[in-house]
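Okay, here's the structure, questions in a sec.
To keep things simple, chains are lettered A, B and C as they appear, and every chain counts its residues starting from 1.
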Amino acid sequence: MFRNNYDNDTVTYSPTGRLFQVEYALEAIKQGSAAVGLTSKNHVVLVALKRNAEELGSYQKKIIKIDSHMGVALAGLAPDARVLSNYLKKKAMENKLIFDKQIQTYKAVLSIADKAQENTQGFGSRPYGVGLLIAGYDETGSHLFEFQPSGSVLEYFGAAIGARSQAARTYLERNLEIIQQETEVEKLIVHGLNALRDTLSQDVELTFKNTTVAVVGKDQEFITYDDEDVQQWLDKLDSVSNARNREEETEENTEENTHETNNEDNQDHPTNEDRMETDE
Amino acid sequence: MNGINVDINHLKKGEVNLGTSIMAVNFKDGVILGADSRTTTGSYIANRVTDKLTQIHDTIYCCRSGSAADTQAVADMVKYYLQIYSAQLPPGEKPTTNIAANVFQEICYNNKDNLTAGIICAGYDEKNGGSVYSIPLGGSIHQQEYAIAGSGSTFIYGWCNENYKPNMEQEQCIEFIKTALAEAIKWDGSSGGVIRMVILTKKGVERLIFYPDEYGVLTRKDDL
Amino acid sequence: MKSTNIYLTSIGTGYDLSNSVFSPDGRNFQVEYAMKAVENGGTSIGIKCKDGIVLACEKIINSKLLVPGKNKRIQTVDRHLGVVYSGLLPDGRHFVNRCREESQSFKSIFKIPIPVPNLLDRIGLYVQNYTCYNSVRPFGIVGIIGGIDDNGSHLYMVEPSGSFWGYSGAATGKGRQIAKSELEKLKFDDLNIKDAIKQAARIISLAHEDNKDKDYELEISWCSKEFTNGKHEFIPIELLEEAKKFAEEDEGDEDEDEEEGEGEGEGEGEDTEMN
């Protein structure tokens, strides 16, 4: 039943020092549909692909508002995300009560990081099975964090989680500099949708029913757009289906192959690297 | 006690009280603690040769006033904390008076509703020399050049303020304490017995005791 | 002895499947495996000198999308105390949180900042506890704790087993062997803190050699009576740039010297540790 003896629980290290149960929890994120987040100086945008269990069923909520200045997008087990976002809401309210101030994004995010870590070091509880992108705008500006069930939290300019999210990350990396310079929220959203579009499987298109958009930023409270409200941005896309699938419809391309091509194509690669070296 | 309604019956019926005159004074080479020796249960003197100067560490002592039971218990706790603490110090190092006083304060404050303890913590350490801390009833802490406490102290505030001098010689300081306590004992009904002193310096601990026929003369000569 | 040797006595015996279990020859394999998690993490080092301590770490950058200068790995426990760690980073946060609780608890009783040895005494007990029960796993980190108290500067390293030692120069993580051999060359008695910063940058840069295909970000913090008033802080940006430049220039020299010898030495060291 089990792949090896070391993956039964979170309290057993493998001989190489890995925690398989935690790694499997990370896999659970990939079972969920994709969510993408990106930042500019004054705004953070979250976009996500909603799924419905069946044709007549409603679509699963992918973005949860935490406070007027913060919200999360999820990929993976939605019930776990509800637990974590309730915790975030609680923390946000506590902060307001005690300090009469909105909670800083990093502080909120680290609180769930520590909570998630506890579930990886003790017997009898499982790690959370959900990844989160946390978008927030506070007195220190716009912030985007990626949360993982391992308890890891990292701050990104742009991030993507969920099924085929590597394609979205590739898009974000390629267009990082343009995205960061972007002053208009509208264009930031379009970039987000472009990235999200790259994660689509062959038979799916972005529609106003399966796409959800959220924005937070300077003078902009956290707001989520669904259904008809999303159409305005879908209209701005050159296409609502995955470019890769359009071009190579006949080709049987595996995920990995495509990524490699993408990376090789990537002309910005060396310049990006330089930037990371010098910035501190 | 809430500051408006003062509970004058804070001691349980029959509880032993250190109706007391205690003090500690910094001098040139360290610090000297002094106390009377009377312990009462109502109008009965339960012990007329009490030792109210209790050792906390090698050269850290405290003067206890209030409930005998409470102050003994608190002193025991501080002693325990300091043992744990000093076990972790590098070899040869000793805790400072400051540390001990702050532990007293923490315990007295956290249990203020259940304690009747007015404590003076004084000691000698290599880092600060002699130091005196007063921890009165509510659990606050005050570092002072000298401190007086207990029921008898109310009668000698003025005298001490007038006669205290910084950096006294040892003999001078002993005389200061002896005179002050003699005066306190004279006017306070619940202070009395002998005067005990502990001298804490670089050299270590030295104890002194003075009997009524000796210290009594100090106050009598003025009256006559 | 090859590095696979450790596994011959562990895998398949069943003694390595649960924490808190001794093997017949008296080892706790889960603790050793936790150490493996550390050995794959980015390098962290600490240097103790006369007038303070320096902590530094190599933060591997796995994505260009990460925000530079954020996601700090060196953390402050108390005003006078810093921690850096290698291994499972979320475990590191747990570790630091506990360090903070311990130093606050000390302060609440004694009203003075916790002396560094006292903190180690307490945190050592805490970490050790995680090797005693099969309901938990050991910490997947090695923590380097540095700070200043009334008795001067202190540097310690805590392992998943809960044991800790004082160091003049401490190193852990992937590049620890190179870092250790470089640290051993330093003259700690007459090293001043500004030189220590430069050395830290140089050593991290050398330790990164084996992992050159990945970018890294250098983090350095210090704690000094003279320069930071006894507080633990990240070094100012000018000092960081200066240190980086020093490391780069030195790297140029090193290349000409003996790159091969360095590599071999490291391999041998690795084996010795396994035995």
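Just so we're on the same page, a residue touches a chain if its C-beta (ideal position, glycine included) is under 8 Å from a C-beta of that chain, and two chains touch if they have at least 3 such contacts.
Composition by chain, UniProt nomenclature: A, C = Proteasome subunit alpha type; B = Proteasome subunit beta.
Everything numeric in this text was worked out from a predicted model, so none of it was measured.
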| item | value |
| --- | --- |
| Of all other chains, the one whose Cα centre sits farthest from subunit B | A |
| Pair joined by the larger number of C-beta contacts - A-C, B-C | A-C |
| Length of the line joining the C-alpha centres of subunit A and subunit B, rounded to whole Å | 66 |
| Where subunit A and subunit C are represented by their mean Cα positions, the distance between them in whole Å | 31 |
| Whole-Å gap between the CA centroids of subunit B and subunit C | 49 |
| Sites on subunit A touched by subunit C in the complex | 5-6, 10-19, 110, 113-114, 116-118, 120-124, 150-152, 154-159, 169, 172-173, 176, 272-273, 275-277, 279-280 |
| Interface residues, subunit C side, partner subunit A - complex | 6-7, 10-11, 16-19, 29-30, 33-40, 61, 63-71, 88-91, 93-94, 97, 130, 134-140, 215, 217-218, 237, 240-241 |
| Complex interface listing, subunit B residues touching subunit C | 81, 85, 88-90, 93, 98-99, 102-103, 105-106, 127 |
| Residues of subunit C that touch subunit B when the two form their complex | 108-112, 115, 117-118, 121, 150-151 |
